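Look at the two complexes coming up: chain A is in both, with chain B in one and chain C in the other.
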Partner chain A sequence: MMQSSHPMQQSSGNAASFPPTLPRIQVSQSDTANLNTLLHQYLLRAQEGRLYPEIIPVVEMECALDMGCGAGEWIFDMAKNHPKLRIYGVDVDEMPLHRATQRRNAKGLCQIQLRHIDITQPLPVPDSFFDFVHMRRCTRSIAPTQWPGVIAECIRVLKPEGWLVMAELELCQISSPAMMAIQSVMTQARAKYGNSMHIRGEMTGMAPRLYGMLLQAQMDNVAYDLHTVDLGFMGGHTARLFLTEIIRYAWRMRPMVVEQQMMSSEGFDELIKQASSELLAPDLCGWGVLITAYGKRGNT
Partner chain B sequence: MRNKYVFSSGTVAEASSLQYQHRLFLREMGTLIPERFPLNEIETVLDAKSGPGGWAIDLAKAYPAMQVTGMDVDIDMVRMATEDARTAKVTNVTFDVGNICKALPYTSAYFDFVRILMGSELASPQMWPGIIRELLRVIRPGGWLNLIEYEPGPMSSPALDVISPLLSKALVKVEWAVSPDGIAATSGVLLPRLLTEAGCTGVGYTLYPVNLGGWDNLAGRTYVMTALAYGNRVTLFLLKAEMITQPDMNTLLQKIEQDVEQLDFCGVGMLISTFARKPTTQEAHTGEE
Partner chain C sequence: MENLHSGAMVSVLEQAQHHHVMHCLEGLLPPIIDVYKLKQVLDVNCHGGAWAVELALAYPGVMVTGLDSDPEAIEIARHKAMTAKLQRVRFYEANLTVPLKLQDETFDLVHLFTSQPLFHPNEWPHFLHECKRVLKPTGVINLVNVTLGPGSSHAYQRFCVLIDQLWRAMGYGFSDKPGTATPGVYFVRMLNEAGFNKSSYDIRPINLGGWNNPGGKACYQLFLKNLLKTREPLIQYKLISGDEFDALIAQTEKDILEADFCAMVALISAFAVKR
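Entry: the complex of A and B
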């Protein structure tokens, strides 16, 4: 169940007060589902169109779990490619999960099951249940100290020789100073709430550590793939939508930033406004990386 | 104006570390000149920061019809490069002493293609507009410019996490930082804007990730160490900027070496390869009207 004490989730509850001037790139309310699809396509394009690393034999599999599935974009793509695969999606956030459920029902996709679950808690699933556990962009809902527990739980519910895949994003450099400042403020805010591993606080720092955690958990065939995320004008319209989503997310953390006295609310608003206009620059350039770490559960 | 690299040691160790870097970057980029440039229209080439000459010699070998020029600020590097070219019997490459931060020793509109790898080691962000102007002078109308910067990205080593903020502070201290707080963008991501502002056409960039970690990637992990500890570039710079004492630095380097030697080390850097074209005479006229 939802942990009401977690500040990240508390603040994401009152998302209605996004400033009316934002985002400058128009996304209407009814397009939110569309936006999710676009962002999924964007990350998938970075991953060269692969929903999972090539080494994983999904055709031979029966049952997969998507931890932190959001609106189910990955799940629906997987279902399309693998009609016989049973796919479970779990997420702590009810809004996108609700949209995923509506979409599943409209399409009558019985192979998909969706559940409202806090993925930082023990999963209500028997041992050795899944062939494949997938996670993407979960650093927002899992604190660094919780990761080893989450990984152990994923391995528990995996069948012997089942695969665990974790893909996390790091935003590294962008030619918008305001955007860099927002990233820095956000990470500092997270660090104060114990949700950052990086000493400097500029990057979240989880992505490069997943590989080591899988080795630590004594999985087999542990490896990682690197994919570039283009944040600049060569990344096209979707790159800008993606950055807009980051700004939206930053805006939701405003109460925390102000409460921690890291910035005045006026200063923070000004920064958000400046970033929104800077990311429209025709020569915007920036990059991030998506690190996909994966491993196989041993036979024991 | 400075004659030396911002991270300077000027030793043979430096040259071999740069050769190592050339091979690793070539592995990650896949080509000497990206495919987007029309090779059949390129004869005269300048590597304006050629170091020990690895790239220039490789290019001259691969394309015997090209006339390749390498230029470097360090006379020892130029000597080593000339010697290497002679040993390898490559005759279509020459090396000169020159500084990208000053007037270039070449006539106007001479080169078809000019490239610089990691020019930001020599050039502060404020110097770039002047440098680009001088580079464009020696490029023929319709010729190409390729500026490549390397930026370190996320790493799994806690000791390396200590280095990067020190480096940012040191760069601010010597006024080489892009922003006063040192957290804003590096020069690499600013280059497309600077090239556009300089009046170039067809400005764009390509991103090449550099894998530094993984149990089976000795080359990547070795690069982290050569760039930091053995090459001593960063070390000397941090000491000179009085960001850290020698004993503390030694302890830190030992820790980094331990972290990077671990099989579970994971890290990534990025090569930002920006490209642009000098307007043709016709385009330049249209632009003026």
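Entry: the complex of A and C
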């Protein structure tokens, strides 16, 4: 992914450990191990501790699927709350999936099954198999044009009256101008690669469209919940970690931004540097929104 | 939506928006404020007085002073207070960018609600110092800002960007970067810089779409009504042509009626104490 060499990158010695200048938000060893857990808890806190919308009768369910399960944070929490529920997790990314498998084996949780699967492809699962399909933060691995197909697959593997839940995050505003500029450049870059619902690339815009897509797919009881995500100082350490993760992601997009001639590499580096220091402000304030759209498969 | 332009309709929408917003905030005041100790309240940028009148009705011991730069809004507010037979609410027209004609250490609470930038970044410090001056030593300040969030309508999102560009072109931006023209996320910083203490904030979503959401729809219609006012300045700053604007407005009005309409704004409520 990263082709160009960069002085700051060399000084840190390891491209993977890059954030160029995040002096005091350096992610510590224990943080790296717990990053997924922390981010999961952070989003869960925004969702008022609910792993799924209240309307969904999980107690009566037998079998659930988590699409894009990552390191399985949601799955392990579900397993804890619902010991009889069989839960399948699939992800295209092998590293976190491997961690999830280790954790599953260490805990001896037979109710959990994990598979390495590209969720943008047809699922190797028979029709009407699951009571519940869950997805969270998958916009990075699914292109906008792929969404209707992915949703159709989810519905196919759902039993009649089974529930589909999709939660996506949209970053909105933060009191760091450089961070706002990075967001704007990134969405424009994604738009140029056709990875944005929004023609001008002003926003990725996936989150507010999920509701419409579930309606389009003719699901029943379609609705959505809104939860704001605190990105400011009151969001605590995890909010900073979360923002750091976004900056790392932006950094990985750097070759794309430069290639598209949206910004010079120096200009982009300067922005990242500026954002990294602005995010340390003790009075940082900002927010994003988690939109959870859900619906029930009809009886037919 | 022709009737959007009539004053009565606007008043109805403002009332609906007020109720929806208060529902989302779970009350008229942030929980840190002890309402039973409130005696004198200043409502800056009070518009048609919806908040001021409701506060006075809810708490019989409270005196409310409302200020707004728009004489028409003051008329509506006075009428509202008269209809409610309230003696404890006064409304005055006032220029908020010059020293307020109010005595030092008068109020227990200064409240401000705005969906517009209201002040240029260099005017905020002066305004906040004025708020501090008129607050009693134990007084509390509460600033509430509505900021636009994502939506499923392209036209709506396009307007979000256009408004940001317009406000920055008019000098309301907190930087030259996109998305920095709404003051809400800068409240805490500005309160700290003005010497307030114990500053904190609370951010809540307001749903504008979905089904069975008349309050959200009213908020959205009010947003559209305010959008119409940006037509001339947007053209003047060459951000859009008149025809393009009209087409975009028509599209936005159409999109809200669609079953799959999903959009939200957020309320950023910042509070701090003087001492």
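Please note the rule applied: the second predicted complex is superposed on the first by the 272 of 300 C-alpha atoms of A that agree within 3 Å, B and C clash if a C-alpha of one lies under 4 Å from a C-alpha of the other, contacts with A are read in each partner's own complex, and residues count from 1 in each chain.
Everything below uses one rule, namely that a residue touches a chain if its C-beta (ideal position, glycine included) is under 8 Å from a C-beta of that chain, and two chains touch if they have at least 3 such contacts.
All of these numbers come straight from a predicted model, not from anything done at the bench.
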Looking at the combined model built on chain A, do chain B and chain C fit side by side or clash?
clash
Using the superposition on chain A described above, determine whether A:Arg190 touches chain B (first), chain C (second), both, or neither.
neither
Go through the superposed model and pick first if A:Arg297 touches only chain B, second if only chain C, both, or neither.
neither
Which partner does A:Leu215 reach: the first (chain B), the second (chain C), both, or neither?
both
Taking the superposition on A as described, I'd like to know which of chain B and chain C A:Arg103 touches: first, second, both or neither.
neither
Of the two partner chains, chain B (first) and chain C (second), which one does A:Arg240 touch, if any: first, second, both, or neither?
neither
Share the list of chain A residues that count as touching for chain B in one structure and for chain C in the other.
170, 172-175, 177, 180-181, 184, 198-200, 202-203, 205, 207-212, 215-216, 223-224, 226-228, 230, 232-234, 281, 283, 285-287, 289, 291, 293
Contacting residues of chain A [partner chain C, same complex]:
170, 172-175, 177-178, 180-181, 183-184, 198-200, 202-203, 205, 207-212, 215-216, 223-224, 226-228, 230, 232-234, 281, 283, 285-287, 289, 291, 293
In the complex, chain C touches chain A at residues 147, 149-152, 154, 157-158, 160-161, 174-180, 182, 184-189, 192, 199-201, 203-205, 207, 209-211, 258-264, 266, 268, 270
Under the touch definition given earlier, write down the residues of chain A that touch chain B in their complex.
170, 172-177, 180-181, 184, 198-200, 202-203, 205, 207-212, 215-216, 223-224, 226-228, 230, 232-234, 281-283, 285-287, 289, 291, 293
Chain B to chain A touching residues, read off their complex
151, 153-156, 158, 161-162, 164-165, 179, 183-186, 188-193, 196, 203-209, 211, 213-214, 262-268, 270, 272, 274
